[in-house]
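Pasting the structures in now, so scroll down.
Look for chain A in each of the two complexes below; its partner is chain B in the first and chain C in the second.
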Partner chain A sequence: MAARTFTIDGKHVSADESATILEAASEVGITIPTLCHLDGVYDVGACRLCLVEVTGVPKLLPACTTRVAEGMDINTDSERLRKYRRMTLELLFAERNHVCAVCVANSHCELQTLAYTLGMDHVRYEYTFPRWPVDNTHSLFGMDHNRCIMCTRCVRVCWHIEGAGTKNVSGRGARSQVISDLNQPWGTSETCTRCGKCVMSCPTGALFAKGVTVSEMERDRTKLEFIVTAREKKQWIA
Partner chain B sequence: MAQRIIIDPVTRIEGHAKISIYLDDAGNVSDAEFHVVEFRGFEKFCEGRPYSEMPGITPRICGICPVSHLLASAKAGDAIMAVNIPPAADKLRRLMNLGQFIQSHALSFFHLSAPDFLLGWDTPPAQRNVFGLIAANQDLARAGIRLRQFGQEIIQILGGQKIHPAWAVPGGVRSSLADDGRAKIRSWLPEAHATTRTAFELFQKALDTHKREVQFFGNFPSLFMGLVEPDGTWEHHGGKLRFTDASGCIIADQLDPKRYAEYIAESVQPTSYLKSPYYSPLGCPDGMYRVGPLARLNVAEQMGTPKADAELKKFKKMGRGAVTSSFLYHYARLIEILACLERVEILMDDPELSSEDLRADAGINSLRGVGVSEAPRGTLFHDYTVDRDGLLRKVNLIVATGQNNLAMNQTVAQIARHYVRGREIPEPMLNRVEHGIRCYDPCLSCSTHAVGQMPLEVSLIGPDGALLHRIARG
Partner chain C sequence: MVIDDLIEIAEKEKAARKPCVVRCCMAAGCMSSNSQGVKEALDRAVKAAGLEDRVEVRGVGCMKLCCQGPLVQIDQEAPGATVEVQTIGKGPLYEKVTPESAASLIETIKGGSTDVSAADPQHPFFTQQFSIVLANSGIVDPERIESYIAAEGYHALHDVLREMTPKEVVDALIKSGLRGRGGAGYPTGLKWATVAKTASAQKYVICNADEGDPGAFMDRSVLESDPHAVLEGMAIAAHAVGASQGFIYVRAEYPLAISRLQTAIKQAKQLGLLGSGIFESPFNFSIDLRIGAGAFVCGEETALMASVEGKRGTPRPRPPFPAESGLYNSPTLINNVETFANVPAIIRKGADWFAGIGTEKSKGTKVFALAGKITNTGLIEVPMGTPLRKIVEEMGGGAPDGGTIKAVQTGGPSGGCIPAAALDTPVDYDSLTKLGSIMGSGGMIVMDETTRMVDVARFFMEFCMDESCGKCIPCRAGTVQMHHLLAKILERKATLRDLQKLEELCDMVRSTSLCGLGQTAPNPVLSTLRYFRQEYLDLLREDALGPGANGHSSRTTTPAPQPAGGN
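For the complex of A and B:
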């Protein structure tokens, strides 16, 4: 346990060497936009929304997976960063079919909220309009691949919080998708414990409670947060 | 060889209607067709989606009557779940539908139609609109706008501020009527009643000066269809279907709306994206029926509320048997506004509207669900077929404007017959044809131009198919 001192947006900060830039920033009240990061689960750096500038490093670094280092000079906001973040969002929207107006997550969606707050007013890439199915075979939950951004939060909570290991990723690139067990209908999964943690963790309308209509998919993140952080914070009742 | 007159939209963005008038060898109008070329492919587009999303998706079919699609869609969902929704939810849905009737009918009457018959057919289009009405009779125009707002307010109080509220859901509704909303509706009622009264008086006067219009604006025998209660009382959300004929006789009653396919067939015309349904036992064209206010009042024996009942009696006297002139859709609309106001009044004293027991829950218990509700323009059917997981396999929607399509054709033909002489399209005919269509208040963007007129293009085609004359307007 050694402390490191460095600056974030000109602010002098110190944090443990094990901390990521994202953790250190949030510690001092600096918000960095994220999508694939979920408190309490390990990070994978999948979405690239948390990119920051570090003086002397030519490329942009993901704040969620980059550890702090002595003397680092970190910049979390610039015209260049805003441009890249918007671009990333546009690519996410162009990659699948997001029709917010009729989406179960409308008004409660992290992707949509980020698009608003980061000023994404256009999608300059051509929409790909892929044909993705909806898996409604589970008795409690549904999955609409059209709205999945492949953040893999659901996969991580399924393996590392619930320990069921139902959710996985198959395929590559634009054809990669979240699957259940051996790529079978979710409802036929033998490992799924029906805990619903994946649904709680999903930032978009991809995972939902069955039967919800437009805007109804509100997630109680505090419950999830409790489940994922209670162990570290020693909140479990002995 | 027959001749053909085509009335075509000029502004593609706004106009979506096209009219052909056919002339026979003698140069007389033999037939007319009102084509709807507005096609949004909703039925196909919904396939594969969970049925529970439909109340959110279908209101977007039409920006003019989203509430009607919302309610029919939620009802189709109830049928798939095979549940009885809580009584409070049914009452709340009804309240929203009443609000929708009021706002839609007020728009049709005051904004779209009144300028025609209050300011005169041949008033220049620049004045023959709601602004012209404001100039001529500011109080009336303002009152009409307020009446529409009242209906919209009811919808908003229930569904929230959003334009397309997915407030009704399979199994019930999402929220009840709050006390402040109830108070607001209650305090607005007297004003709404007063405006409706004025509208009745005005329309009575208009009737005296529009005897000709009553005669030939879609005055022909047809069947009429609408929902009624078991005792024949006017219905707008529940009940069963009734068909009456032009003599006012009931030809079929208490038909289960879910089995519509047994008595309604749809002829798809190559020239229109609208399907033209007809009453199948009588075949086409004898099975032509009208829906909407005129039809509902023809099939109903009573309105179920005192003031509207008194008006219904007067209305029924206007026909021998059924009231067959489509010009009287306007009158029927006013009577329905009155009935809605009375029903809203009754509901305001109902404590159940504040109930928290609003939503039934169930899985997929039926692979097919049909939801039927009266929309302001007529009976609306939503028919969904789902797989075991609730994903839509097939969607069939039958909308009011489609059901009135055959009658609209006849109306246009009848009006044209009065004006077309020879090889030219007379100017005055356009305004009348436009109004003939407006009687049905069709839910097409082109017909709802509050400002100005429908964009039209009229072409007269000779016996050999050659263009004789074309008038563009819009």
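For the complex of A and C:
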């Protein structure tokens, strides 16, 4: 373990060399917007919202997968970054059917919250209105592909926390989607343990518990965090 | 296997040579127009004429002028002499040979005549080529290892294993100045040095034969025409970096290349040139094939390695780079087919020889697949720094039917369009980058004045949209919107604001995408906007601009032809 000193938004910060920029920033109360990141599961750097500027590096770097280094001068907020982040959100809203007013996750949605906080007040891109199905075959949960942003959090918790390996991704580009087992109705899955971790991890209204209606899908993130970190913190041993 | 065995194989092969060699192209291009049937007819004709002791009919790899296939070349020596490697390729190169006309070619050996037309071997298309990678292409039989050994094959591997330390090999590569031929042009020696320095009990060497750029067929031709050169290059690399296992990742759309590679690996194993204790040294090396399902993104190195591991082929953020942590988290050297194919020649002829070819920062040669609106389509290998004009006008013969060349596209969907005004640019990594294009892997598509540049941009954007892996948002959703805007422009429904939106998206997708696919997807749009902006403006909606805003009072349907002169 070796400490590294560097600056984030002008603040002097020190962190262990194994820390990511995202971890170091949150330690000192600097929030970097994220969507694919989920505490406790490995990062994939897919949503690109957490990109930051590092002095001397021509490319923008994802805070969630970039480790801190001695003397790094990190900038998490600039006109350029704010513009890219807003555009990223606009692209997401135009990509599938995010109709907040009739969504189970309304006002409990990370996508919606980010759109508010980052000032995305309208979408300048053409809505594509794709026809995505809703999978309601599972007895406890449902999946509405119209709300999915392909962050793959559910896939990662399913494989790496629960170890069931039910969720996966098929297809490519705009046609990629989350599937259960061999692309079959979720209710027919033989590997699903009905643990509900995927539902807890989903940032939007794509995965939900059955029986909830508009705005009722509140997720208990502390429960998920407990499951995710309990082993490390030895919380299983009561 | 020791060096004497190798020499013996070469000698035996040479001794069996006949005074006349009839070479028939058996690469995919000519095979698709039935060169298999031509070869069988040639065999029959030789037999019928009773010429078996004098004439050898040899199936060979690509003879470069692919548009005129099936190609057959006949080299004949005075009685008593045999056709040596050095003198081969001087005889007439017959074009568009059919099984029916094949017999008449054999007649010419006996002094008869034929109606089949022959290409002029003095045409710049042939004389201006400089062959390193393709030196054996069209000459050796790719299905017989003896044929490769007779052309000095596997001698470099012997020298490396018996006479050079890994460090000396790496140093030679650094000194040669060879840069990766897969697109980015990263210095090969430096990459080898990094993998060599990373300590690990297990390391891998991967040959990237995914070749997904539309219009590119250089790597396929190398694999079909001279597979052993790639195997030898990989083995030399493995010795240099300390790897014992190699993989060739080749797309399933290349069945002939796959079968040639399988044959080559089998033959090399049988002779002990792959396997354990090669040339009685402690060096062990095996090569396995991995067949890709033809996703463009699987050519990206991290996606490729995920695919080799049997996972979904999506890129991951770098670092860690493959040289530190690649396949199965082990240090991995990954190079392109053409990069590896250069290696045996560099070892045989020396780093200084190689460094003497090309320009200051781009050494050696580059193979291009010349295609599009050009008279001579096919494969060319030229020294780095050759002016684009020489390639397309002299060698390629310019646009067919007297048309005018408008632009040359290099680098496929990651590249850009070079306008005719810049044709005097030397072809090397840095000059092409300066023009807003890239060297890329070697696809070169020529466009004439009938080509609409916005169409070209839309075509490549559609390609990127379809081939995006879907992992990161800017590429997955951004390419859809950019494609939509380009289509809107082509439908004449777009406004100036749409054009601004397009440019803004280009900047955003380029700056924020995870991998090279997304980062370079805007290039065809950016480069056509840079040189042909007026074509975009001309397509905007009538009411999109105020009067005279685009410098035109009325819209022209056909864009004005670009002046072809130098700049």
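In the analysis below, the second predicted complex is superposed on the first by the 237 of 238 C-alpha atoms of A that agree within 3 Å, B and C clash if a C-alpha of one lies under 4 Å from a C-alpha of the other, contacts with A are read in each partner's own complex, and residues count from 1 in each chain.
The criterion applied here is as follows: a residue touches a chain if its C-beta (ideal position, glycine included) is under 8 Å from a C-beta of that chain, and two chains touch if they have at least 3 such contacts.
The shown structure was predicted, so the numbers you read here are calculated from the model rather than taken from an experiment.
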item: Which of chain B and chain C A:Tyr116 touches, first, second, both or neither; value: neither
item: Contacts of A:Tyr42 with chain B and chain C, given as first, second, both or neither; value: neither
item: Contacts of A:Ala94 with chain B and chain C, given as first, second, both or neither; value: second
item: Which of chain B and chain C A:Tyr125 touches, first, second, both or neither; value: second
item: First (chain B), second (chain C), both or neither touched by A:Ser176; value: second
item: Touch count on chain A, higher of chain B and chain C; value: C
item: Partner chain(s) touched by A:Ser139 [first = chain B, second = chain C, both, neither]; value: first
item: Partner chain(s) touched by A:Val102 [first = chain B, second = chain C, both, neither]; value: first
item: Where chain A meets both chain C and chain B, residue numbers; value: none
item: Residues of chain A touching chain B in the complex; value: 101-102, 104, 133-134, 136-137, 139, 142, 187, 210-216
item: Contact set on chain A toward chain C in their complex; value: 44-48, 51, 59-60, 62, 65-66, 83-84, 87-88, 91-92, 94-95, 124-126, 128, 149-150, 152, 168-169, 171-176
item: Chain B residues within the chain A interface of the complex; value: 48-50, 52-57, 60, 164, 166, 169-171, 174, 361, 363, 389-391
item: Chain A-touching residues of chain C, taken from the complex the two chains share; value: 295, 297, 312, 316-317, 465-474, 476-481, 484, 501, 504-505, 508, 511-514
